[in-house]
Each structure stands twice: as C-alpha cells, then as structure tokens.
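First chain A sits with chain B, and in the next complex the same chain sits with chain C.
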Partner chain A sequence: MTSATLTAAQPRAARKVRRAGGPNTGTRILQSTWLVFVVLAAWWVFSARSTNFFIPSLEQILTVLVRDLGNGVIMAGALYSLANLFVGLLVAAALGIGFGLLLGEVGWLCRIVDPIIHFFRSVPQAALVPMIIGVFGLGQGPKMGTIAFACLWPILLNTIDGVLGVEPTIRKFSKVYRIPRGLHFRKVVLPAALPQIVAGVRVALPIGITVMVVSEMFASTEGLGFYILNSSATFQVPETWAGALLVGVVGYIISMLFILAERRMLRWYYASGSQ
Partner chain B sequence: MKETTTSPRLLLAQRVAAILILLGIWWLVIASGAVPSMLPGVSQILAAIGKAFVSAAFWGALGKTLLAALSGWAIAAVVGVVAGLVIGSINFLDRSTSILVDFGRSFPVLALMPVVIMLLGSNARMEIVVVALSCLWPVLVQTVYGARRQEAAVSDTVAVFRIPPLLRFRRVLLPSALPFIATGVRISASVALLIAVGVEVISQAPGIGRQITLMQQEQRWDMAFAYLFFTGMVGWAMAAVLQRFENRLLIWKRQEND
Partner chain C sequence: MTAPVQADSQLAQSTLLMKVRGMTMSYGSGTAENKILENLDLDVNTGEFISIVGPSGVGKTTLLRCLSGLLHPKAGTIEVGGAIIDGPHPDLAVVFQDYSRSLMPWMTTRENVAFPLQGKGMNKADRIRVAEENLAAVGLAGQGGKYPWEMSGGMQQRVAIARALAYNAKVLLMDEPFASVDAQTRFDLEDLVIKLKQEFGVTILLVTHDIDEALYLADKVVVIAEKPATVVDVIVTGFGEERDQVDTKADPRFGEARARILHRLRKN
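What follows is the complex of A and B.
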C-alpha cells in the first residue's frame, strides 16, 4: 500500500459511517484519525528519501515486521515477554491488594511501616534488574519477580488509599450489623476501594512493561527486548526499528484493553457518577 | 479512633523498631543460608554504604545520573506544558491528537533506546533524549486535562474583554491548568529517575545504574546494595521536595477550597 491510497481511502470510509450512524460520527472519526495518517504518510515519504544508514524507510521496517511476524520469530518473543508481564502483574496485584487491604484497615500498622513502603517505592525499579537477575539467574522466574516487585508498590499504595477512603458511615453500618470480618473485607471494603485499586494497576502497567523490556535487554536470550537488542547489536537496523515499533503497538493495545476492562468492571461506579 | 492519639515520639520509636525488625529478618535469612550465598549481610551493606558515601566514584556517578534525569525532565516539562496548553485549549487539535497522545503515553520509550543509540551513540546526550521522550507524556497528558477545564464564564470574560492570546495563555490558561501541570511534572520526575537508571543499566552510559551493573558483574554485592540504597534515597528525596514545592505553589488553590 502506498501513502496515497492510505490517505485517499479515509474520507470514503468516513462518509459511509456517517450514513449508517448519526450525523456527526463520520466527522468525528475523521477528526480523530486524520493526523495519524498524515504522520504515517510524512514518515513514509521522508524516510523513503533518507540516506542515513540508521534511518531505514518505513516501507523496509514494515516489510521486516511482516516477515518476522510471519515466520514466528517475533511471536515466540512476544509470548515470552507477555507471559512474564502478566505473571508479574498478577503476583503484584495479589500481594498489593492483600497487604493493602490489611494495612488500610489496621491504621497503626500502616503508620509504622509508612517510611519503609515509601523507601521501596522510591527505588528506581530498573536498578533492581541487575540485582535480582544477578542473584537468581537468567531464567524466566527472576524476570517475573522483578516485574512483580516493581509493580507491587503503586498497587499497594493505591489500595491503602482506597481503603482509607471508604466512607465512615458505611464502615459504621458494617460494624453495627456485625458483618463478619471476611464478608466485611470481601463485600464492603474491597468494592469501595476497587476504583482506586484499578487506578493503581493502571499506573503499574507501564512500569511493568518498562521493567519487562529492561530485564530482557539486560540479560536474556528470548523476548521482545532481546529481539530489539540483538538486532541492534548485529546492525540489523530495520529489525531494531520494527521491534521498537512493535513493543509500542503492544503497549498501546494492552493499555486500551485495560481501559475497556476497567470500564466494564467499574460500570456501577461510572453509572453512580461519583467519580 | 484510638490510634490518632499516638504521640509523634512513640510513632518514631515504632518506625525505627519496624526498620530494625526488617533488618533483623534480612540478617536471619542470610544466617540461615536459605538464599544464594552471595547476598551480603546487614553489617556488610552498612559498611559499604559508609564506604560509598565517602567515595568520589559514587558521587560522580550520582551526579551524572541526576544531570541526565533532570535535564531530560526539564526539557520534557517545558515542551509538554506548552504543547499541552495549545492542544488542550483548541478543541479541534485536542480531538485530532488524542490517538497519537494515547499511543505515545503507552509507548515504552526504553524499547526505543537502541534506535536512539544508533542515531546518537551511547552517551549522556542519548540518555537525556530517552529521558525527555519518556517524561514528555505524563506532563503533556496532565496539561491537556488541565487546559480542557475552562469554565464557560471565564472564557466568556476573556472574549468580552478581548484579552490578547499571549496574555490569555499566560494569565488565564496557565494558572487554571497549574494544579494538573504540577501533578504531571511530579509524576514525570520519578519517571525521569527510573528511565535514567534503566538506560544506564542496559547501555554503556555512565551513572548509578551502570555502577550497579558493574558491581554486580564484579560480584561486589555489598557495594551494589549500597548503590541501590542511595538510588532509593535520592528518589525519595526528590518526591518529598516536589510534594512540598507543589503544596506551596498551589497554596492559593487550597485556600479557595477551604
């Protein structure tokens, strides 16, 4: 496909949508997408003229990307990376929410360990990569552990905030009706704190992706980060660009999926209009 | 609640006790031999922290990391605020750029680092560029949020009095978006440190992250932990200073709310 067909196809598609949907849908889609196509077209045209060895044309990058997507090189790496990310995030969420609920409910404990939490939160998570991988080896487990450790703190802090933000009246109700502890946690505190918890996971997600890339670039023989670093080390310039671009697209897709899931999970919250 | 009556001195004692307990657990774990033997004990780490504190190499590395993080951060703050105010205050631009901004903010910029290294080489300039590219998005997104929230009465007043665009930008848009900008700038400060250290860990750029990698490769675990400790302290200090600064800067806003 050339840039001309890319830009030319757009208005036609938009007009069709307008007829089907409301009067404004088409213009809205056009308004929110035209710049993307302009940027892509500009990149295409300018990179095609580039004589710099390190700036390959967009056409070349996309060709390489399609080739490596087809022969499974990237797919295997992406699966490896995403598995690390998801296990790490899951562990972080389980620990963060569990301890967060506990610390949020038990005020004195929270105040005592507050400086410790803030210290760990302040350690730049990337600095942990050489430590944890150095101690525990190159396997997949240490990488998941690093991601989990990095993602833990934002989730933990947000959960504590969420629990502290539960309305006192609701808390009193729960006490007056002698709701058992387990039920109180599960049905009163957790839902009330959920918007904050989800926000914490949203903050943790990009940190997790960054740590994932660092851990694979630091020491690995697999994964998207390794693909990028290996390509650049062997001066396969289009492959390097393609890998970086792909990680960006994957990051974008994950965060979009997350926003969709968040809207679904917190539908009652948005519907209540209490944000 | 009962706990709120705790005196500050007792709280401090409890906090110190908690930290001592944590160190005690560390010491016990090492002594029991349950973890790989290269992990240093508490006393070794404390000695290494003292040694690093007086060594010139440590301060040099710290200076390089901070210089890269702060310059990238400053560039990102200026570019992000100006671009964010323009985008957020012009409806058409806001809608047009939304996909690109969403893409940029979810892009793990570190993945782009090998590309930037190919273009600029493995040096401080590359590090600053990567840091700036990463810090730009939190500032930009927050500033756009802030600039969007123009009250109708305010914008009508601006129109009626025919306030010139530059004055409007400086005296109306900027102050009203300031709370959001402050949040974005604060978030991006911790991003700056994270990315600067990350860049140093995986490239040859000099700084704290590079030192930690080198120490780890030389099996000097005590020094590596000492450096890790100091990066935590720096991050903590940076966050505390910015929080204070933000509170002071936005004192007018809180008074308004009271």
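What follows is the complex of A and C.
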C-alpha cells in the first residue's frame, strides 16, 4: 500500500517541479537567448577587422554607448524621446479606443467615416512628419501629436473590429436584461473587444517608435533621433550606430513589458482558450 | 380524458399573467415577404409551466425573440401583469440556447449572475448575496469564484439559469435550453427546473422541439405548426407537481398525449 502510494505520487511531484522552474531558470533563459549571444559574438568578431569607416567595430560602438550613457548625453535624449512616445501612445489609445467603441457600435457612423480612416491609415506616417512640424512648430507637443496620429489608426481599426466581433448571444443577453448603455460599454463591449484592442496597441508600438525617431530628425535639438542624426552629420559613425542599437534595445524592452502586461490583463482570454 | 378537465378547473383559479394576442411576424416585405407567425394567441397563468413544442424551423425561436423583446412583431400585443410591453422588459428573463456563449468569459460565475442586478441599480453587497443564493439554488453553492470556461456544459447552463432567476422576473423564457447537453445532464437539468418551479413559484415558458421534454416538464403544452406558424393544439398534462423521469413517462396519459401531438405534427 505504502509503495503503491509512493510510486503514484512520484510522477506528479516530478511534473510539478518541472512546470514550476523548468530544468532550472538559468538554463531556461540560456535556451531562449543563446542565439542573441552568438549573433553578438559574430558581430564582434567580424566587425573587429572592419576597415570601412562606416562600419565601426562593435567594440567601438559599445564603448561610445557606455561613455554617452554614463555622461548623460543619451539619457537626457532618451527620456525626452520616451516621454514623447509615452504621451503619444496614451493619446492614441484614448482616442482610438473611445472612437473605436463608438464607431463599432454605431454602424451608420462607421460606414461614413470608413473611407477617411482607411485613407489616413494608408498614408506612410513618416511622410506626415515634415508637414505636421511645419504647421505646428518644433516643440515637444507637435512630436507627441505626430506619434499619436501615427499610432491612432491601428488602435482605432482594431477596436472597431473587436467591437464588431462581440459574440451575438452576449449582445442579446445585454439587450434582454436591459443592461444600461454605460455599463454595457464598460463591462460587456470593452472587455469583449479588449484582446483585439491590445493587439492594436501592440502593432502601434513599433510605429510609434519609428515616428518618434523620425520626428526628432527634423530641426530638433533633443532626443534619440537627434543624437543619431547629429552624430551622422558630424561623421561620428560609432555614435550613430550606438544610437540605432539603443533604439532597438529600448523598443525590444518596451515590447516585452507590453507582452507581460497583456498576459496579466487578458488572463481570462488565454486561460479560456478563446484565442 | 378526465384528468385534463380536472387540471383545467384548477388552472381556472390562477390568475392570468401573460397574454399574447394576434402575434404576427414576418421577414421581408411585398412579394418576398416570409410569414413566420400568424395570429398567434397565448395565455400564461401565474406559476404555470408552459412548453411550446413544434418541429424544427417552424418559428419557435422567432416566437421567443418576439416575446423577449428582441424582435418587434408586425402585429399583435403582449401583456404582462395587465400592462402592454414593447421591447425587453424587467418582467421577462431569458435563458438562451447557446448558454456557453451567453455567459461572459471575463467574469466569474458570481459576477455573471450578479451583473444584470448591477444594471438594475442594486448595491454590490446585495448583488453578491443574491448571486450566491441563486447559484446555491441551482446546485452550484461555493462555485461562484470559478470562471464559466472552467465548468462543464451542464454547469454552465445552471449558471445561466441562476442568472435568469436572480433577475427576479415574473416570467422565465427558455429557448431550447437543454438542446446541447448529453442525455443524463439533460435529465438532471429538467429535474432542476421542475424543482425551481416548485420552490420559487416561477412561471416558465419553454420552447423545445422535443415532445417528451415538453410533456414531462409542462402543465400545459402548446403545439405550434404550419407555415406561417400558429397554435394548433393545447394539451393540459395534469401530471401534478411531482414528476419522475421514469414513472411520469410511463404514465398512460403521457403516451396518449405524445401520440396526439405526433399525429398533429405529422399532418403537415
């Protein structure tokens, strides 16, 4: 009896351990990141022998990056850029979700504005930067506005799609049980559309980062985009590379943080297997 | 046929709760008009269990949608408690056929049951209390923290029933509520509904294509048929309050009534 209980219990215990920590956390991180190290090593080795002025060695790039991170040159620029990105995204999300919910619910309104939305969505957002900055000036506001404008469309379109995709039976439920309009929006339509909305924000994120950099390349004196453009114009090639590398890393970190937040926010969605 | 007469006099004492007169419904217009329901009358007394039975595609779901206010009938009136109603009404609660889709996966079962009460303006503590009470009534005591997708189909339908009960409507409308569960679960849910009717005195209007289910559950079976659909027969079952999946169905009156309904439906 005792031995039977033991053998029965063992595999379950073993499975639990594996699920909790995998082989172990260190090994798991190594498993998912080893290629990054290989690529970095290859870059390091191949660029070390570079004689091309425009392709500095990775060593040079990292040295410059560490130096400018340390002396605050990049930090000030990064904070300026990220503030623009953050405010821009926030404005885009607020407008996109708000109007998306409205347009998704009100069919005739959606049909009227549909061509306009698709036109603006199709314009390459970076192409609008010179015009917007020309019209609204050089301050931080127009840059935030440009980012918001670029990020608005994927969020708006995804929100509309999400609202249109709300399960018809749940709509019937809401109607028959006379759920008041405000409550219906907040507790029925919004959560039902949330997976789509979040996907829209995820698409908007790299667009926002692109426009953030481009907006700082036009008559700007601050930000990561300015750092890249300025160093390039003065032939400080390692700085240019360092700036581009940093933007990539920052973008990656933001995406990862966003995915973590998404997993938490949409726990029901992933757990229920609705996706 | 002595029993139905007895039951009839019994029903005559109860009060008329819901009155449907001349309900007509069609889709499209002109030559393309597709008439679904024609001049349909229905009386529902307080505390009565009525089954509406008819073949698939006859317009049962259309009828229920008209009754629940999801569709506007082309003609006719619906009265509940003496007042004419037009559109969704707090006196009517609906249990949908596709229960798993009518529950919201982002809410726990407790929140699902309590949610319509929030719409009614009930405060949070009361909502939670009422939700828990009704979950207990359908045999899901202590399960309020689970999400619908953590439950079996039968349990999900129990949640949907608890939500309808908690809404405290005068009439419960059920649209083929047990069509997509297995036979054993179906018997359990049928007996649950009978129990709830006895305990809480709810008035129930259930639509089904299953003649046995219609007879087993109901005090009165309304047979609808033809195109456009209209009431072709009304049978008072007279089995009394207590039902049993084996004994009630073995009752000779059960077989008689079933034969009568089948004959009527096969005429078309």
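Just so we're on the same page, the second predicted complex is superposed on the first by the 243 of 275 C-alpha atoms of A that agree within 3 Å, B and C clash if a C-alpha of one lies under 4 Å from a C-alpha of the other, contacts with A are read in each partner's own complex, and residues count from 1 in each chain.
What we mean here is this: contacts are C-beta pairs under 8 Å (C-beta built on N, C-alpha and C of every residue); 3 or more make two chains touch, one makes a residue touch a chain.
Predicted model, so just to flag it, every value in this text is computed and none were measured.
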| item | value |
| --- | --- |
| Combined model on chain A where chain B meets chain C, clash or fit | fit |
| Chain B versus chain C as contact partner of A:S272, first or second or both or neither | second |
| Touching partner for A:F173 - first (chain B), second (chain C), both, neither | second |
| Touching partner for A:L128 - first (chain B), second (chain C), both, neither | first |
| First, second, both or neither for A:T221, with chain B first and chain C second | neither |
| Partner chain(s) touched by A:T51 [first = chain B, second = chain C, both, neither] | neither |
| Dominant toucher of chain A (residue count), chain B or chain C | B |
| Partner chain in contact with A:L183 - chain B first, chain C second, else both or neither | second |
| Shortest CA-CA distance between chain B and chain C [superposed frame, angstrom] | 10 |
| Shared chain A surface residues [contacts with chain B and with chain C] | none |
| For the chain A and chain B complex, residues of the former touching the latter | 28, 31-36, 39, 54-55, 107-108, 111-116, 118-120, 122-131, 134-136, 206-207, 209-210, 212-214, 217-218, 224-225, 228-229, 231-232, 237, 240-241, 243-244, 247-248, 251-252, 254-256 |
| Of all residues in chain C, those that touch chain A in their complex | 68-70, 88-90, 92-94, 96, 98, 101-102, 104-107, 115-116, 118-119, 147, 149, 167 |
| Of chain B, residues touching chain A in the complex | 1, 3-4, 6, 11, 14-15, 17-19, 22, 35-36, 38-39, 92, 95-100, 102-103, 105-108, 110-115, 117-119, 190, 193-198, 201-202, 208-209, 212-213, 216-217, 221, 224-225, 227-228, 231-236, 238-239 |
| Interface residues, chain A side, partner chain C - complex | 167, 169-170, 172-173, 175-180, 183, 187-188, 191-192, 194, 268-269, 271-274 |
